[in-house]
Each structure stands twice: as structure tokens, then as C-alpha cells.
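Consider the two complexes below, in which subunit A is the common component and subunit B and subunit C are the respective partners.
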Partner chain A sequence: MMKRLTLPLAALALTLPGVALAQATDTSTKTVGIVGTVPQMCFAGTLTGSGSFDLGILIDTTTGQLRNDLSAPAQMLVGSFCSSRSTITVSATPLVAQDFTAAAPNGFSRSVDYTATASGWTTTPASFTTSAASNPAAIQTRPTAFTGDIAVAISGFATTGGSSLRLVADEDYRGLVTVTIAAVN
Partner chain B sequence: MKRLVSLALLAMALPAAPALAQSTATGNVAIDGRVAPVCILGDPNPALVNLGQLSASSGPRTGKIATITPQTVQLPASFCNFAGSVVRVTATALTSSDTSVPQPGFSRAVNYTATATNWAAGASTATTNALRDGTSPTASGLGSTQPLPKIADIALTLSNFTAPGDLILVAGTYNGTVVVTLGPAAVAD
Partner chain C sequence: MRSLTLFTVATLAFAGQALAQTPPTSATTDLPVTGRVPQTCALQPGKIQPGGLNNIAGLDGDTLRIIQFTDPATLAVRAASASINFEAVCNFPHAVRIESQNNGLWPVDERITDRPAGFAFAVPYSADISWGQLSGHFETNAKVGALSQQLYFVDNAVAGNFNLRIAIDEGASNVETRAPLVAGTYVDTVRIFLEPR
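After this line comes the complex of A and B, so read on.
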């Protein structure tokens, strides 16, 4: 009688092996995948201070020619960042008379060239000279993500057409420096 | 199996859309300046015109004013950097350093014409008309307006030297001046 009882139990174990294993331990493991992304993001920062370069009077009024001591404090793009490898590019337009729009007469110019630089982002600042035919240094690459301030500066002013030319009178000479930071793969 | 497929599609969609939208950022900094209106006359060359002896020393005009060759003074590289400028010439007759009233038949003044050219279409001219006693020695004249910024050598010519009434000139040293003014037409006076 005893033997007959044992046989049915063994047969049950053989036909339901999975149930028998679950009952063998109190731990069960499953793996669930998690997927997330951080997009490549860049922020050009907030322009501080006046937000523009005010050079004042551009000429030496005793000669009518461009001052050789022109300068303006650097402007800061505060809190700039890129979340990945990035490039910084600077471009600029010459200072041009806005009201005197006709061609300048002989001996005169209505434009001033300069060099714009954006530093603080890359080891070599990005620079752009408005009189240059090409500006290979205008784009620089940073291999890592970065956050910091970008200093935008202008220098090296020169009368378009030659230093001997006088600048036509105009209350409004304007130029523009554009700094672009871009995430790259 | 169906659920697994849905998760995979979501994972592929997330990295694409937002990353492209914000991966570039731009900051602009404006530059402003201005150029004041300026006119500058070149230094006159010569700065002093020496006419030498003014009176004839022989012949029928002895003692009266001699024929004096026109004199030219250059003001090189004079310029105005704006449109609408004009040259004014103010001439003062030559008068004797002896300021006493000359005796009848004599004059202590020499008149002349000063003309500035090469700025605008119309020259600036002034002819003095001092009396024989040297009074009312000054005259002035405006040229036409130069419509563009210009740089040029302005030529000042002194000519047509005469004595009031063609009288005999009293002995002495004579001095006169010409003032050339280059400026905006609106306030040239």
C-alpha cells in the first residue's frame, strides 16, 4: 500500500517539471529594458551689459581719418552651453554708413573693416576679419560638452579701401557680429 | 511580442526630433559708431605772399601802383566729409602801417581780388574796396555749394591790384590778409 502511494507522486513530478522548479526557490528574476535620450542641445547664452559695441566717433576730427585708438569692451554671452561636441562660428559685417548710401566720392570711404573674435569656448578663439577673402579661423571645434561664457570682442579697425581715405560723415555706422554654436556628432 | 515591438519604435523616435530643433544657437552683437562732419583746409602754401615793391619806380606811373603779377596760394588736400559745403573768402585790403590820414593825392591802401577755385562749380570771390585812407578795407564772398564730400587742392589767387583813385601810394610797409573758410553751406555766414 505504501508503495502504491509513492508511484503516483513520482509520476506527477515527471509530468509537471516547471511547477516543480517554481516551488524549488523563492526568487524570480526578469529583465526590463530602459531607453532614454539626451538630445544635442546648445544655448548661446544671455548677452550682458549694453548688448552692443558703441564705438562713438570713429574719426580723428583733426584729420578726418579713422581713429587709431578705437576700442570697446568685450561683450559677454553668459551661460552658453552645448551638451555635446560642438563648433563655434563667428561672422561679422563691416561698419557701414546707414544714411550716406551712395558710393563714396574719390578720397572717401563709407565702411570700416575689423576683426571679431569669440573666445572662451575653444582653445583657439574663433575669429573673422571682415576684409578677408576667406576666414578659415572663423570656425573652431570643441571636442567635449561645455558650459561657460563667450567673450565677443572687436579690434583691428581699418578703413575699407585704404587708411588714407576719409570717412563720410554719418550719424549711424552699423555692423553686426554673429556667434553660432552648434552641436556636432 | 506585440508590446515589445511598440517599445522599440518609441525608442527610435525619441532621439531624432528634439535634437535637431535645438542643436544650434546664435547670439548677435551689434556695433554702432558715427562719423562727425568735418572740414579741414590744408595749410596754405605759401603762407605769406610777398608782393615786393608795390609802386612803379620809373616811367609815367612812378609812385603809382605797379603792375603786379597775380599770385596763387595752394591749400592742399582740403576736404569736407559731408555733402553741402562752401568756401568763403574774406579779403582785407593792403594798408600802410602808417595809419595817419594821407595827404591829398595819396593813398595808403591797395585793393585786390581774392578768388578761391577748385571746390565747387562757382568760385568764391571777394574784391576789396578800401578808401584811400584805408577805411572799409574788408570784403567777402561765397562760392557755390559743393554737393558731395570732397577732397581737393583749393587754389587762392590774388589779382587785380589797384590803388583807390589810382593815387600815389604813401611810403611804408603794407599788410593785408585773406581768410579762407570752408564749412557747411547752411552756416557759412
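After this line comes the complex of A and C, so read on.
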């Protein structure tokens, strides 16, 4: 887009002095305003790695309770940018059993809570805890245009309903982390 | 003027392109989170339920040792019982299988072949289990020294205490009640399985 703008402006610059010379005998000055606009825009960046968090087996099979060493590598959004002041927002949904859809029996849960964090865009990372009633830290504002990498991580896993509960068997537990960067005025 | 006119036209043309290709003012990335919970059953080591012993010394590893197996005056079997709790979990609909290796308490010394008339040579007992909403009763009869077992189906996941109560009745015998028991050491092995149906 920048390249196409350059051509007509260059043509103007060459042509206008010629017109002035041909039509005037004395010095005459014309002012031509040149305006360019850079719109507000954001690009989420390019995902490196798998683009998902695969936690594998969620439980300690000797107790049936949630593993206390769950982890997954952070996912990187490389080359993200916003051309103006911006916000970054992170939201997440709990890991929920997809096939076991009935209410969990007594002593069991079918859901795992966690905290999702997006770092690198703002001084304070945006974070969202799926068990929290509200998540004021989920949206953070950056006052200036920025380009850089965003690291998205998940941590702080906990069985929904309490740590004494076991998780029902299900081969498909799923949740979702969503990261949004948006230009703001 | 012509050049200017062209410029104006060009401006309009760019404005049209700008409208058609409005740059995104926000960008969103979704990252799925996945995991799985395999079908799992687990039984922790047993613990004697408080107040759950009668004529049994306690749990020695995985062994229940009876204090006084027979009445010294009559040699008839004395009552004994033990109630054991196992912390357990099965996170899916499953089965409970209880198994007696000998179908009763039988002499460990196989050289005991002398079975005088009127004497008992094996001792029956019963086992009661309580697991979630399941209550089961299993009896050995000590008539034949062979594996016996019973199977129960449980329709949902259960977590908590698996309770096993083993009881020998007063005077239990594989012949007549209160028959004296042939001398020896009597044993059996009870196995509990939490397993897929």
C-alpha cells in the first residue's frame, strides 16, 4: 500500500512546478498539502510451537487426584504489534470433560481450573483465573504502539470444587485460552 | 490542473481501496488446552477401623492374626472379626470382585491328612463389603479347598472408604457346628479387585 501512494505523489511533485513556470511571469507560490494516514491496526503475531497446551494425563493414577506437577510449555506469539495505544485481554475456560456430561458423582469433579497469563505486552501481565468470580487483571493497557512477542502460559491447576475431589475418567478434557490485542483511542 | 485532477481521482481510488481493506484494529488468538483422565482404580493399604477388632491382634502388614482361634476347653472355633478400611477410588463404572483362595481357612500344613471323625478340618468365614452404595455379603463354606469368588457391578465412579469386614462365627466348622478343630495353622487369602466390568 505504501508503494502505490508514492507514485502519484512523485508525479505531482514533478508536474506542478512545470505548470507554474509556463503560466506565470512573476514568482508565484502554491502550497500543496500532503496528508498520509496510518490507521490503527493490530496483528496477533505468529504462533510458534503447537499452538495448544497439551497437559497429558491429569491425575495421579495411584490416588485419582489431580497431579500436582502439571505443566505445559508456554506458547509464543512472535512479532505481535499494534500501531497505537492498545489493550491486551486474556480469557480462559476451565478444562471440562467432554464425554462425561452428567453431573459428577459424590466425591468427583469433571472440571479443572487454572490461570492463564499473557506476558510481554504490558508491564503487568494480563491474567485470568477460571475459578475467579471476576478477573480485573484480565485486561491491561499499553499506552504506546508496540511490537514484540507475547508469551502465553497456564499454571495454578486445581480441581473444581476442591482438592479432595477426584476427576471422572474421560479421554477428552478441553478448555480454551483466548488472547486479544486491540487498538484503543 | 490536470495533474491535480488526476491526483484527486487517485485519492478517491485509494480511499476506495482503504474502505475495502480496513486494517484490523484487534487480533485474537485461541489456544486449546487439553488433557485426559484414564480409567483408574486404586486401593490404598488397609487400616483397622477403630473399634473394629474382636479376637484379632490387628493388621500385620496384610495379615490378620487371630488371637485365640479355638476354645482351649472344647477346641471349637471362637468368634473373631476385623473391620478394615481401604482408601479407594474408581473413577468410572466398575466391578468389585472378592476372592477367597481356599474357600475358607484350611491347614497350611498339607501333611495333616488325619481327619478323625467328629473333628473339623477347615473353617468357614464370611466377608461383608461396603463401597459407595454397594453392600455385599460373601461366604466361604470350607467344604472344598478351592478358589471361590463373587462379583458385584457398580454403576458409577466411587471414591472414599472401601470397608471389608471379615467374621468367623463362634463354633464355625466345615462339619458340625462347634466341632473340635484338628491341630494346625489355618490360613486363607482374601483378594479384593476393583476392575473394569
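Please note the rule applied: the second predicted complex is superposed on the first by the 158 of 185 C-alpha atoms of A that agree within 3 Å, B and C clash if a C-alpha of one lies under 4 Å from a C-alpha of the other, contacts with A are read in each partner's own complex, and residues count from 1 in each chain.
FYI, a residue touches a chain if its C-beta (ideal position, glycine included) is under 8 Å from a C-beta of that chain, and two chains touch if they have at least 3 such contacts.
This is a predicted model, so every value here is computed, not measured.
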{"item": "Fit or clash - subunit C, subunit B, common subunit A", "value": "clash"}
{"item": "Partner chain in contact with A:180 - subunit B first, subunit C second, else both or neither", "value": "both"}
{"item": "Subunit B versus subunit C as contact partner of A:108, first or second or both or neither", "value": "both"}
{"item": "Touched partner set for A:33, first subunit B, second subunit C, both or neither", "value": "first"}
{"item": "Touching both subunit B and subunit C, residues of subunit A", "value": "39-45, 47, 51-59, 61-64, 70, 72, 75, 77, 80, 95, 97, 104-108, 112, 114, 152, 154, 166-183"}
{"item": "Subunit A-facing residues of subunit B, complex", "value": "7, 10-11, 14-15, 18-19, 22-38, 40, 79, 81-82, 148-151"}
{"item": "List of subunit A residues in touch with subunit B within their complex", "value": "33, 35-37, 39-45, 47, 51-59, 61-64, 70, 72, 75, 77, 80, 82, 95, 97, 104-108, 112, 114, 150, 152, 154, 166-183"}
{"item": "In the complex, subunit C residues that touch subunit A", "value": "1, 3-4, 6-7, 10, 14, 17-18, 21-40, 42, 44, 89, 91-92, 156-160"}
{"item": "Touching residues (chain side subunit A, partner subunit C) in the complex", "value": "1, 4-5, 8, 11-12, 15-16, 19, 39-45, 47, 51-59, 61-64, 70, 72, 75, 77, 80, 92, 95, 97, 104-108, 112, 114, 152, 154, 165-183"}
